[in-house]
Amino acid sequence: MFQALVNPDRFMAFSRWAAPLLGVIALVLAAAGLVLDFQAPPDYQQGYTVHIMFIHVPAAFMSEFVYACLGVASFLSLVFRHALATAAARAAAPLGAGFTLLALITGSLWGRPTWGTWWVWDPRLTSVLVLFLFYIGYMALEAAVEDEAKAARAAAILALVGLINLPIVHYSVVWWNSLHQGSSLLRAGGPAMPAVYLAPLLLMVFAYMAGFGALWLVRIRGEVWRRRAAVLAMRAVA
Amino acid sequence: MISAVSIEGLGVARGDRPLITGFNLALEAGEAVALAGRNGAGKTSLLRAIAGLIRPSGGRVVFRSGDAEIPPEDAIARDAHLIGHQDGLKLSRSAWDEVLFQVLWSGGTAASARSACARLGLTNLLGLQVRKLSAGQRRRLALARLAASPRSLWLLDEPLAPLDRDQRAVVGELMAEHLAGGGLILAAAHDPLPVTARPVEIGG
Amino acid sequence: MFDFDAGRYAIFVWPAYAVTGLVLAVLILDTLLRARRWRRAAEAAKTLRPEGDTPQ
Amino acid sequence: MSGLALIFRRELALSWAGGGGPFLALGFYIAMASLLPLALGADPARMASVAPGFAWLVLALASLLSLERMFERDFEDGALDLIALGPAPLEMTALAKGLAQWIAIAAPLALLAPLIVTALGAPMRLAPIVVICGLVGGLSFCFLGGVGAALSLGSRRGGVLIALIVLPLFTPPVIFGAGAIEAFGVGLDWRTPLLLLSAYSLAAVALCPFAMAAAARNAIS
């Protein structure tokens, strides 16, 4: 499996069928998740807003999952200088930012009816907000440095520094929250998750992951083509 | 103490564009080589690759002391000078502060710095701010560490460009003494070096 | 079978789904268009200089 | 004299003398503090409650100010090449740059902070905790800032880019520092946040030089 991803040509062949397959899996899982989602009875406590949970929790999970992928790709790109890892890191960042933005918007829409304010300084939402700033910093750095190879390495270093800081940020925000306002509703543990909600939730999480997998592979293919075009164009000039 | 440098199949690229491929060169103690080639051929990148600042895309550089091989980082950090296009001097500081730092940093002493400055005719400029010095004077400040800090391998990139005729003569003497003492010089230059040097073409 | 009656929460639930759909659509479109654009660029650059023939 | 001492003396001289040294950051700090009551109204009760948090946040921002010079000048005039090939590795140089920045910028800010806090209406007894947090937290701000400065080499938009990269990383020190000051003010447990802040700062001093050196090598390659 790893061998297929290391060599660019073999990766292109592998991703050629893997990407659409993951896309289809994502659609199927999402459809199943939504069907179960809208059959579930409204939650006695949150009422109908519980349905937002089915698209907020997967997005929040993906925002961190993608950052972990970004960190691993950056590490491989920095240490092994592997062109594919660099392409993977570059391709992952915008997707991660997208999921993080989704998590923030759906989180705020979920918090609004229960808390009465558009933005709720809940520890999980605040961590997602800081994570969003990490993504913005990553993409800003990559865009600002002129030389592409140097931009990729600088951004990879920042991604690793960010990855190390992520758990610390989580902890500091949770500690900060305990200082200011008691516990909160959206805590990961939260009220026990009724079984009827667990199935759709898991389906949606796996749907998001499969979807991300498909998009990531396609974006990496795009990066590989972009680099090939750049190299060929340069050689034609040389 | 580097006594020989052998470059084996070195490849240097800028971004995706290969500048130099399969470059070979053997440099022995007491020998000077002049790198020639049109601008952009990669002379500067080659020197920076030998100095370890740029990662070569292929091949390797071997430093030997006698017949023992020295790891490149130690060889460069302890026993090589790299003088690039820029002089690395802070405009707001005094000439003496800057040249003293450059000399101490490359292993010289305050005394050797003062004598090197005297040799290069810089003594009465040392109190001035670097901002007030001409390009030639600044270049000589940067070259002072060659005389003040004993290092065997000199990697020079257009070292004499801003200097006038008799200043070049002084630097020529320094080079001759360095070669006589078993030193090695690898210099990129358009006009010929003031010492006898083996010409090597880059990117022909 | 499906309980779509959001009642007074409708203005929160449906926008959440709408935004999710929108952002995902943007991500998918951007990804596909970008990949196609670079694929065409790569193929164009390749035909410009077929293998083996190096213009002097 | 060892390489580290040599480069540290140079960095200190450069940070302290160049560009007005600490006065730039101190001036910024005073200016921001004077604007606060103009923005929030001078009601003493409100000012007293806001002052510690505000003073701490602006101290973090002020330490961003002169970061650009940390690597940018050596990169542009070619000194970074010489420094990279010297007796001390780049990691040591990065450590020296961070410490010099801390002494020349963060320490003066930390000493000014209690004046700012009391001037804004906070109780006088907050002064010691503000100084300690300023000094300890200043290490995090300087070393994280150094990583931002090194990473943004090779881009022309240094200043804002550094802030954008570094501010999210300031989250833990800002939280712990402000938490310690506030806890001290209301008589709660201020030791825990202070210890957490110290732990973060020490980790920053230990790890950031590696990131700075890697970024610097990347820039000069």
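When the chains are written out, they are named A, B, C and D in that same order, and each has its own residue count from 1.
Quick note on the criterion: a residue touches a chain if its C-beta (ideal position, glycine included) is under 8 Å from a C-beta of that chain, and two chains touch if they have at least 3 such contacts.
Please read all numbers here as calculations on a predicted model, not as lab measurements.
Of all chains shown, the one whose average CA position lies nearest the global CA mean is D. Relative to chain A, the most remote chain by averaged C-alpha coordinates is B.
One finds 41 Å separating the Cα centroids of chain C and chain D. Put simply, the C-alpha centre of chain A and that of chain D have 31 angstrom between them. Note on chain placement: the centre of chain A and the centre of chain C lie 16 Å apart, centres being C-alpha means. Mean C-alpha positions place chain B and chain D at a centre distance of 37 Å. Residue positions 147 of chain A are each in touch with at least two other chains. Listed for chain C are no residues, as none touches two or more other chains. Every pair of chains meeting the touch criterion is listed here: A-B, A-C, A-D, B-D. Across the complex, chain D is touched by residues 78, 130, 133-134, 136-137, 140-141, 144-147, 150-151, 153-154, 157-158, 160-162, 164-165, 168-169, 171-173, 175-176, 179 of chain A. Put simply, chain C touches chain A in their complex at residues 1-7, 9-10, 12-13, 15-17, 19-20, 23-24, 26-28, 30-32, 34-35, 37-39, 41-42, 44-46, 48-49, 55. Across the complex, chain A is touched by residues 147, 151-157, 161, 164-169, 171-172, 175-176, 179, 182-183, 193, 196, 200, 207, 211, 214-215, 218-219, 221 of chain D. Every residue of chain A that touches chain B in the complex is listed here, in rising order: 147-149, 227, 230-231, 234, 238. Within the complex, the chain D residues that touch chain B are 1, 3, 6-7, 10, 13-14, 17-18, 73-74, 77-87, 217, 220-221.
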